[in-house]
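Down below is the structure, laid out as structure tokens.
For clarity, chains are labelled A, B, C, D, E, F, G and H in written order, and residue numbers in each chain start from 1.
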Amino acid sequence: MTLNVYLAGEIHSNWREEIMQGCADIDVQFSAPVTDHDSSDDCGVAIMGAEADKFWHDNKGAKLNAIRTRKAIGDADIVVVRFGQKYKQWNAAFDAGQAYALGKSVIVMHQAEHQHALKEVDAAALAVVETSQQVAQILRYVQDGSLPT
Amino acid sequence: MTLNVYLAGEIHSNWREEIMQGCADIDVQFSAPVTDHDSSDDCGVAIMGAEADKFWHDNKGAKLNAIRTRKAIGDADIVVVRFGQKYKQWNAAFDAGQAYALGKSVIVMHQAEHQHALKEVDAAALAVVETSQQVAQILRYVQDGSLPT
Amino acid sequence: MTLNVYLAGEIHSNWREEIMQGCADIDVQFSAPVTDHDSSDDCGVAIMGAEADKFWHDNKGAKLNAIRTRKAIGDADIVVVRFGQKYKQWNAAFDAGQAYALGKSVIVMHQAEHQHALKEVDAAALAVVETSQQVAQILRYVQDGSLPT
Amino acid sequence: MTLNVYLAGEIHSNWREEIMQGCADIDVQFSAPVTDHDSSDDCGVAIMGAEADKFWHDNKGAKLNAIRTRKAIGDADIVVVRFGQKYKQWNAAFDAGQAYALGKSVIVMHQAEHQHALKEVDAAALAVVETSQQVAQILRYVQDGSLPT
Amino acid sequence: MTLNVYLAGEIHSNWREEIMQGCADIDVQFSAPVTDHDSSDDCGVAIMGAEADKFWHDNKGAKLNAIRTRKAIGDADIVVVRFGQKYKQWNAAFDAGQAYALGKSVIVMHQAEHQHALKEVDAAALAVVETSQQVAQILRYVQDGSLPT
Amino acid sequence: MTLNVYLAGEIHSNWREEIMQGCADIDVQFSAPVTDHDSSDDCGVAIMGAEADKFWHDNKGAKLNAIRTRKAIGDADIVVVRFGQKYKQWNAAFDAGQAYALGKSVIVMHQAEHQHALKEVDAAALAVVETSQQVAQILRYVQDGSLPT
Amino acid sequence: MTLNVYLAGEIHSNWREEIMQGCADIDVQFSAPVTDHDSSDDCGVAIMGAEADKFWHDNKGAKLNAIRTRKAIGDADIVVVRFGQKYKQWNAAFDAGQAYALGKSVIVMHQAEHQHALKEVDAAALAVVETSQQVAQILRYVQDGSLPT
Amino acid sequence: MTLNVYLAGEIHSNWREEIMQGCADIDVQFSAPVTDHDSSDDCGVAIMGAEADKFWHDNKGAKLNAIRTRKAIGDADIVVVRFGQKYKQWNAAFDAGQAYALGKSVIVMHQAEHQHALKEVDAAALAVVETSQQVAQILRYVQDGSLPT
């Protein structure tokens, strides 16, 4: 049983790498958004031409990124959504909403300070954790039944 | 053709009433979340008993509210999502994600200052507006084809 | 917003009537299985002819009842599943499984003594309660936002 | 044609191994829940932290197990559900309900004494058997058309 | 709970009227194919112009009839399929296959002589009967729980 | 049985009115796009503000119109698509593609000169006609079984 | 692009082998029902025990065969249904109905004498042919675009 | 993450080869319609026999081609639709409509002169481009996040 896991949300720390390293020896396939911030912001105009209006600049880029996101969420069994300490991160909550509506198993990762603001997202999740290590432990348990010792 | 419209998001201003008034004479059915802030926060423990831990206090309430939200989004043709000036409003983005994944037509309403942070949500929408009046005009146009004069 | 609620499970007490009475003044439509125990057991052979083998006697009846159950669960927004004090009640858990897989909002009602045995069903529910009064309060809150005073 | 089979239900005997051995030479892929009883009960708190309340202790664990169950049922062509001699086993009936609603072919395995109590589940099944050997024979017949001699 | 019932199959006897009369006082909505044999055969060319080739003559007509059949099966909760004494009646079995794949509850009605030839269709049904009276009794039981006395 | 019919395509002749008049006495509900050409082109900028670039001017309008189209096609049992004598009419073919993929019954209406160019669309249709009168005759036959005399 | 093809219907001639041989050098995966007539009839009682009543004897067998049929049709891109010269063959039409409702591409194979009786099935098909050679030619064309010379 | 891409539309230039060459070193699987114009037009009668009427000649061929198109669109993550300079190309818009309704990510490729006529198709797309090179750049960015330098 190969688990297909999409790692959504915050792109300014190395939490994805931590999870992948923690699962290096088990049968899990990971996917992720483009995590280079500038590429993610400017991909649309870089390929399809500049826009005078910031709205359309962002619109072109967000749609290109959506091609990847929709594919990855659609293929996933599990969607892990991390909310970091900074920024609005509405795209993370938007991904969580899509994943939930599509019947994916959702794992949410955030610090205690955001607990009340994320209560609707947490209520839709099958697990709520604070650390990458916990995500890796969950994936290992789901995959082969072993628990941390 | 009756339009079924769910008004998601911000609950601290009277934008829902403005839209409803602007559509009072056309065939539109509106639904909304419970907009009493205290009821929304405490409904779970009020009915099912107190919790020592804030996480479970919120979890019980968020799940009760989800019964209403899921029904309303599921029945809707159009989901209007408003992002206000304050708070994290992750639940608004979460509702938008669900609506999009379920194939609902999404209208997003926010001020210009949030444009960049909401680019993924906006990119999934069929209309992005700033005012309640614009939402009412859109619903009227969709319903009967008339435009503001 | 009319709520469509299916009341599944135990048929030896008047819990359904209590819920309906508690919701008499709000916009909720209820459905239920055939609650006459003998009719439910014997409907198949009564209409389609006797069977020598108890397995087929029961099989004929269970399939007729399934016509009603599938219709009712399919139409429901919310499925309330009550586990009583007696019997195996595997059909209640089976209905809960169907409801969950179909994306219905599930409310589970049982006494504390069954908590551990029902943990998988409870984990799939949006509310877990002990009394009919609590179910009625939840339906009222979901319908119009009012809480018990 | 690879058959994907999920073996749900009772975890206190070696029926899964018997089926797998009986199908060792044909093209069938098996999956199963975590069958270590203690791990299954305590996985949630082991990874995500202790809970004072037994309900939430169990809730955390049941949700982790649901990640695996949902994946396995979702991938399965056939779901075999065994009801043993002991315990309530509502989770087995709950899995059967999910499998049936998702259009999976359901095989039920139980002793004659539970026939009447399981009539609704049996009525939804494409085969009802008593032994592991019969399940293996069915899978072999479905796979390559050969019958026991 | 209104039951929506499609009466498929044989068009040379008055079995539909018998069922409708037997259900005149309960909440059931019936639909049926066009039962005028000549109209059903010739509708296509009557509206869209003659065809030299019998295959296309029939093709045009069968497609018009499919507009009605697809609508009626799609709206139905229950599809009753009657196989008469004469003709190939492949369209009846074809309708049964569609109904089954769409998750409709299927009731099959035929004489004992066709039992072996219809075993696959019967195995997909929730009830197999011989008479219109039995169908009416089933619909009554599903609707209000009352059995013939 | 109420038929719900969406009339897609050409907006420069009165074919919709002809069909509606021909069906005035039977149980058919019609929907249609906004057929005022200027409103349809300019609705987006009229409500949401002018665009310097024609692409975005059209994009805003086309998305507003899509809210109506998606609702109408989604609710329809039958989608009639008319290709007129002029213009590219790619939106008509685009609507036909959506309708077909969603399992709607498609009726195509065009002159003989476009037969070869429309062969893929015609091949997906259940009826291909040249006149409004023929569409009305089909809807009448599907509704009540009567043929033109 | 691997084509997955299910060969349904008549089991008394070697038409399946002819198609497979005609496609031996292209990328097509075939599946089929169990074509041993006695095994197909008696599989249920052979594994699950004898039945006194012929109806239940057949019912047990038909349900086992359904496990294979549902899997094969569900996995198929294309379902070829052959109607032979003899027998009622309602199961072939039943399979065709399932395949059509599930959105599979249906190819029907029969002699001219059955044309009128099969008009509804033919009208749902994307190809109607008389010989195995034609089926093989179609699969080859769909796979690689080459036509018979 | 393997991207599955269907290249729909115009068949009179080598745009498909340009895209495939531009993506030769990344993990993308391409599919396409039969691009030999004569084969595409005549496949139906070549295999299934001549037709006197051009409508049925084309109908037979279009249905064979639909077997391939439906398979390819169904398997695709991304559907690229190119509108060339000539012809009506209603089949391209029809494919785009199917792809959009099935939730595929749509990329549209056309020259500026067709912008207004294609506004509804463009509005449903996640990217609108003019050249094969841009399509290849988009697929590369979606696949591995790298942008043209």
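Quick notes on this structure:
Please note the rule applied: contacts are C-beta pairs under 8 Å (C-beta built on N, C-alpha and C of every residue); 3 or more make two chains touch, one makes a residue touch a chain.
Treat the numbers as computed from the prediction; the structure is a model and nothing was measured.
Chains that count as touching both chain D and chain E, per the definition above, are C, G. The fewest steps needed to get from chain E to chain G, moving only between touching chains, is 1. The pair F-H is the one among B-F, F-H or C-E whose contacts match those of E-G for more than half of the residue pairs.
Look at the CA centroids: the one farthest from the centroid of chain A belongs to E. In whole angstrom, the spacing between the mean C-alpha positions of chain F and chain G is 37. Chain C and chain D have CA centres that are 23 Å apart.
Chain H has its Cα centroid 44 Å from the Cα centroid of chain D. Chain centres here are Cα means. That of chain A falls 31 Å from that of chain D.
Residue positions 63, 66, 103, 128 of chain B are each in touch with at least two other chains. Taken together, the chain C residues at the contact with chain D in this complex read 54-55, 58-59, 61-63, 65-66, 83, 87-102, 114-124, 128. The touching residues of chain C, when paired with chain B in their complex, are 1, 3, 77-78, 103, 105, 107, 126-129, 134, 137-138, 141-142, 145-148.
Interface residues of chain C, counted against chain E in their complex, comprise 31, 34-36, 39, 42-44, 46-48, 60, 63-64, 66-68, 70-72, 74-75.
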